Amino acid sequence: MAQDAYDDGGAPAALPGTEKAGRFEVRLENFNGPFDLLLSLISKHELNITEIALAKVTDEFIGYIRAFSAAGDSFSLDEASEFLVIAATLLDLKAARLLPSGEVEDEEDIALLEARDLLFARLLQYKAFKEIARQLGTRLAEEAARFPRQVALEPQFAAMMPELTWRMSPSDFAAVAAKALEPREPAPTEVGIGHLHAPAVSVREQADIIGRRLQEQGVLSFRQLTDDADSLLVVVARFLALLEMFRDMVITMDQAAPLGELTVRWSAGEREWSAVSISEEYDRDDQDQAVLPVAEEDAEGGDRERAH
Amino acid sequence: MSEHTEKPPGDAAAAEEPQGPDVDSLPGGVPAAVEAVLLVVEEPVTDLELATALQVPVDKVREALAELKDEYDGYTGQGPDTGPTRRRGIELRNVAGGWRFYTRSEFAAVVGRFVLDGQSARLSQAALETLAVIAYRQPVARSRVSAIRGVNVDSVVRTLVQRGLISDVATDPETGAVLYGTTPLFLERLGIGTVADLPKLSPHLPGLENLQDFDDTTY
Amino acid sequence: MSEHTEKPPGDAAAAEEPQGPDVDSLPGGVPAAVEAVLLVVEEPVTDLELATALQVPVDKVREALAELKDEYDGYTGQGPDTGPTRRRGIELRNVAGGWRFYTRSEFAAVVGRFVLDGQSARLSQAALETLAVIAYRQPVARSRVSAIRGVNVDSVVRTLVQRGLISDVATDPETGAVLYGTTPLFLERLGIGTVADLPKLSPHLPGLENLQDFDDTTY
């Protein structure tokens, strides 16, 4: 079932990005949101939960985010942070794969596995709505060829309308106008629940913590590196940090079998290394302190969708 | 108007290549095409206008109109394809040089009952607010009123037109949209002489002259 | 029916209205009376509303509507008084819970030229997807739609409200969030009777019919 589900039946979202002249570009006309992007990545790799392609997708996704930062002013941080939400979930996924299988009595394991299921369920759902939306569009277009009758009443009937009782003074009327013309605040449609969310977790800080531990102890498993994490988000941040450290070639990672224990080894010896070097993609001091935005509601500002 | 909308290709296409399929070949032929147009026109439409729109000789339109009129009256149907028809509740009449559908007078009582049902002597809050926006922003397109109020105002605008409080006063030269303004009846109800006598809006509102700024961008 | 009017106290006008002749005895009978009313309606009208205006049992109205629909489609006319009829340019359709006359889609190119305000612009892909989520999940908070689509939907929702396709239908008792649902206009634009007539979502969601389970779990 899972495999079928990812068959992007007739609607492959074109991969929005292309490498061109060494610079990353996003074809905005094809781009309609992070899930879209994720779907396209997944269909490109024919992602299967148990396949290694997941790692590829994750890496590619991180590549996207990097490229976003590299592209500078072309992309708002809003967009990047929305991607980060997805990236974080993807990393949950990847992290879940790295945990020893069969040992799911650990609450964290379960949380991670659920995160994986959640993501795929969400993707499936999104895809379903995408398809339905296409059907609705066709239907609406067909219906637009029919015009309902919509003409003024014949005078004889218009004349039958009860005489209007009008008790309003010009100033009453002006008050109505003032109210109606007042620029409206965007409707406060939701009670703020930001305070309920876990605080933003800094990848840089987490990198600092696990970097020091690895320097001290040499070899640690991912489990050990995250056993003191008090939230899923910290686990995700630490995983991101590991990827960054791997890129910086200060650690090596080893996994004996898919879903087996991930062993992390400090490989930089006494070399000078600081978490500061890894941070740009995730910590944008100048713009936003939120490193891994936790909830969609955090997103602010205008609509980030690329209409059509 | 909105970033989320695209011009329907139909508009442009219709303007550029008015060919369309040959109406004669469509089911129902010219009479059916004439019927369809008659269903949507506000004002009586002439045979010449119909012929132009349908791209058929005016004689054919005249023939179709005569046939339709008889059909609606219940007279005809002796052709090979059609039998006698029932007299309909709709009447096709030639008034002021043009053709238009009317309800048949026998049913005036029934139609009147229907029209009156649910009618009120008072304007709803929605209607009042829409009227206020139109009064202070006239001449104004419905889409703009809708943008200011944040809701669809189509049916309220129809109600206000029906009530004789507003009417279409102009056409937007660029978009072709109907622009609405208030009527003398409105001024009379409010007890003022001209639109210029409307009370000034309180100063905390953006000046009327600046309204363009926000409603073109914010909504 | 219309939300823009308020019931007059006691419906006095309608009550005092003279009875008028029995529609059954008029030429054309109930079908013709139904036709006459349908010519003046501004939104789909229910069989019950028609029965009230005509003062006949609703069964008779339903019969007349079915007969008229067939007639306009060119199917019927085997009765003693009527022969087969021509397919007409007008279509009688049951949409959004009521009946209304529409032009037949074959004549869109011709008719479009006579419709002043034109059909509203097409919706963007983003707007369509948002509309789909709201249609199938209603009543639904914006945040939930946003979670399903993976992007912020504030401005698309505003556009859809402005176009009259959705409206706020309730408030979440717990969070106080506005809940959105589709409008009768949405049904009409889609040409369906009720939300239940929307195409089924399940074929697109293998094994995941019970979406509620997980989309309540926000992350």
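We call the chains A, B and C, going by the order they appear; numbering starts again at 1 in every chain.
Quick note on the criterion: contacts are C-beta pairs under 8 Å (C-beta built on N, C-alpha and C of every residue); 3 or more make two chains touch, one makes a residue touch a chain.
Bear in mind that the values here come from a model prediction, so they are computed numbers and not experimental data.
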item	value
Chain nearest the global centroid, as defined over all protein CA atoms shown	C
Farthest chain (mean CA position) relative to chain B	A
Centre distance in Å when chain A and chain C are each reduced to the mean of their C-alpha atoms	37
Whole-Å separation of chain centres (CA-atom averages), chain A against chain B	46
Gap in Å, rounded to a whole number, between the CA centres of chain C and chain B	19
Contacts with two or more other chains, residues of chain B listed in rising order	3-4, 6, 8, 10, 39-42, 102-103, 111-112, 115-116, 119-122, 150, 158
Where chain A touches two or more other chains at once, by residue number	144, 147, 149-150, 153-154, 157, 162, 307-308
Partner chain C, residues of chain B touching it in the complex	1-11, 14, 18, 20-21, 23, 26-28, 31-37, 39-42, 45, 53-54, 74, 77, 81-90, 101-104, 106-107, 109-122, 124, 126-127, 142, 146-147, 150-152, 154-156, 158-159, 177-178, 219
Chain A residues within the chain C interface of the complex	1, 4-5, 32-36, 38, 82, 86, 89, 115, 117-118, 121-122, 124-137, 139-150, 153-154, 157, 162, 186-187, 189-191, 193, 294-297, 299, 301-308
Complex interface listing, chain C residues touching chain A	8, 13, 39-42, 91, 93, 100-105, 108, 111-112, 115, 119, 122-129, 131-133, 135-136, 141-143, 146-156, 175-178, 188-191, 199, 201, 204-208, 211, 214-215, 217-219
Interfacial residue positions of chain A with respect to chain B in the complex	144, 147, 149-154, 156-158, 160-166, 168-171, 173-174, 176-184, 307-308
Partner chain A, residues of chain B touching it in the complex	3-4, 6, 8, 10, 39-42, 102-103, 108, 111-112, 115-116, 119-123, 128-130, 132-133, 135-137, 148-150, 158, 161-165, 189-192, 197-202, 205-206, 211, 214, 218
